[in-house]
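Structure record follows, encoded as structure tokens.
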Amino acid sequence: MSDRVQEFKEQRIAQNQIVLGRDNLNIKRFFGLDNAVYNDGALDSKTKEMLGLVASLVLRCDDCITYHVIRAAENKVTDEEFDEIMSIGMVVGGSITIPHVRRAATLWEEMK
Amino acid sequence: MSDRVQEFKEQRIAQNQIVLGRDNLNIKRFFGLDNAVYNDGALDSKTKEMLGLVASLVLRCDDCITYHVIRAAENKVTDEEFDEIMSIGMVVGGSITIPHVRRAATLWEEMK
Amino acid sequence: MSDRVQEFKEQRIAQNQIVLGRDNLNIKRFFGLDNAVYNDGALDSKTKEMLGLVASLVLRCDDCITYHVIRAAENKVTDEEFDEIMSIGMVVGGSITIPHVRRAATLWEEMK
Amino acid sequence: MSDRVQEFKEQRIAQNQIVLGRDNLNIKRFFGLDNAVYNDGALDSKTKEMLGLVASLVLRCDDCITYHVIRAAENKVTDEEFDEIMSIGMVVGGSITIPHVRRAATLWEEMK
Amino acid sequence: MSDRVQEFKEQRIAQNQIVLGRDNLNIKRFFGLDNAVYNDGALDSKTKEMLGLVASLVLRCDDCITYHVIRAAENKVTDEEFDEIMSIGMVVGGSITIPHVRRAATLWEEMK
Amino acid sequence: MSDRVQEFKEQRIAQNQIVLGRDNLNIKRFFGLDNAVYNDGALDSKTKEMLGLVASLVLRCDDCITYHVIRAAENKVTDEEFDEIMSIGMVVGGSITIPHVRRAATLWEEMK
């Protein structure tokens, strides 16, 4: 695992503990739901992670993209599949997604 | 085919003819690219249409959602798969996507 | 109640029934959460409806704005308070919010 | 002037009167500023209207696009210039702008 | 005051001086208006800061969130109120707001 | 050329090589199109760069803004023109663009 991925995961856990430690029920319910929608169902979790990745890309949320790039790799998304997800996000979301595609592709290569 | 789908398709074709009839090369190239990214490749076109649908939903583009809902049906997306796509888009994009989910689900039922 | 408000409420209920009738657990959980966050708590529901209204305005979601304008009136938001919410949304979100402010103010007057 | 343009202008004036008639100083100041930035200055008003049009397109605000398409025509933007503005907005903002490009081009042709 | 807050404030002042020193009248008017809408009026400034915070959160503007989190603390927003603002923003804006909620909650705790 | 501009350009080239080295045809086509729309045509490239800058500003894409600020300077945009572009973007896109205007103006001054 690259240092950047390790650091991202640790900060994410630490900050989630701060948010969830505040003990607001609705925030906890939202976090629970945010996990639940990516579980295997009619669509397998690999497909769902691809959906999460393209949604994050067109909304240009770098932390979300980083998370779903890592999850995509864990779910055995191939290089060609990754590029096709990027190409759809780029065409749907336009050239403003390019900086995010650059960072996503750089992370993807680093994780190999 | 429901009347609404028929009308949507006809207006889309008519307006595309206006845009493409203006003969701007870069606009034509973009339209070509917008078709190309959904073709079968490493990912099949069904998966790609699902990616296009969730991207359209989180960006709250009603015409795009209508188009991809129709394409999803043509690509044999099931009821359960449709709902899971909606649930991911709704969680990623928030309650502001709900009016679009309502319209998408209504169209989905109408098309049966 | 103005005809437009009546019609909006009826269509909203009808379409919600379509969505919820599809019986996807995560979608139902999201709908539940979407109600829960506006309940009285440390902040009263009037303040929460104002937060929902300004959030809907800057995200330019007409159906959400209509809903929260109606809820604001039900929670006794005054004319002056309504205008101040609009002014904050307009400054935060820019001139692209103006068409929505126009429609919101028109609805607000109609509901009197 | 096409009927649609006439109707758009009349509704815009009527709704602006509702908003401005509510007499909130900050809203009035924002409306004043929204006019002022398009006046001739270091950049002429034609160039400024083109900037307003592309900004409205990438933000996908149909009323704003309609307004700036009308203003572009009044400022003698040519067909070729119009298409190049559309092509930049489409590439920057992605395929989600296409429905707006369709409507803008249709209006542009109607106004001839 | 935490170091991070101090640094944020200093950089904000320094960069505002660069922008305002350029002496464009309309930019100055916008900055003036951006202050004016948060002043006490029919709604008190505490409520207005909460509106500014939720609007910044759903639009995912980190600098705006940081500014309004600081202002919320200065206006005696309580922990429970803060969490309820976050929960509304998170439900309206979706999981793409979570990275911003994480940073906002971390800053909120740091400022204690 | 300031250090920051130099560093930005180098990282942009390095990351573009990663993206384009992956050899996805549609991504390459999009990159080609993204260059083509800014070439001299009915509108000269200076005007087109101004359109790209205001579009990037209202969409709040920092990397895109940095790129178009550099390109604006290369195309002899004057100080007064730059400020008028910023003022239009700020009014269209609202106060959430202000952090980007601050960074753009700071970069503009640094490049002198």
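For reference, chains read A, B, C, D, E and F in written order, and residue numbers begin at 1 within each chain.
Just so we're on the same page, a residue touches a chain if its C-beta (ideal position, glycine included) is under 8 Å from a C-beta of that chain, and two chains touch if they have at least 3 such contacts.
Note that this is a predicted model, so its numbers are computed, not measured.
> When you check each chain against chain D and chain F, which touch both of them?
A, B, C, E
> Counting one step for each move to a touching chain, how far apart are chain A and chain F?
1
> Fit chain C onto chain E over the CA trace and report the rotation angle, somewhere between 0 and 180 degrees, nearest 5.
180
> Which chain has its C-alpha centre farthest away from the C-alpha centre of chain A?
It is D.
> Which whole number of Å gives the spacing of the CA centres of chain A and chain E?
26
> Taking the mean of the C-alpha atoms as each chain's centre, how many Å separate chain B from chain F?
About 30 Å, centre to centre.
> Using the touch rule from the top of the page, what residues of chain F touch 2 or more other chains?
Each of 26, 30, 33-34, 37, 56, 58-59, 64, 80, 83-84, 87, 90-93, 95-96 in chain F touches at least two other chains.
> Within their complex, state which residues of chain F touch chain A.
Listed in rising order, the residues are 12, 15-16, 18-19, 22, 24, 26-27, 30-31, 34, 56, 59, 61-64.
> Can you name the residues of chain C that touch chain D in the complex?
Within the complex, chain C contacts chain D at residues 60, 79-80, 83-84, 86-87, 90-91, 95-96, 98-99, 101-103, 105-106, 109.
> Provide the residue numbers of chain C that touch chain F in the complex, in ascending order.
My answer: residues 58, 90-97.
> Could you list, by residue number, the parts of chain E that touch chain C in their complex?
33-34, 37-38, 41-43, 47-48, 50-52, 54-59, 64, 78, 80-81, 83-85, 87-89, 91-93
> Over in the complex, which chain F residues touch chain B? Could you list them?
Chain F residues touching chain B: 26, 29-30, 33, 36-37.
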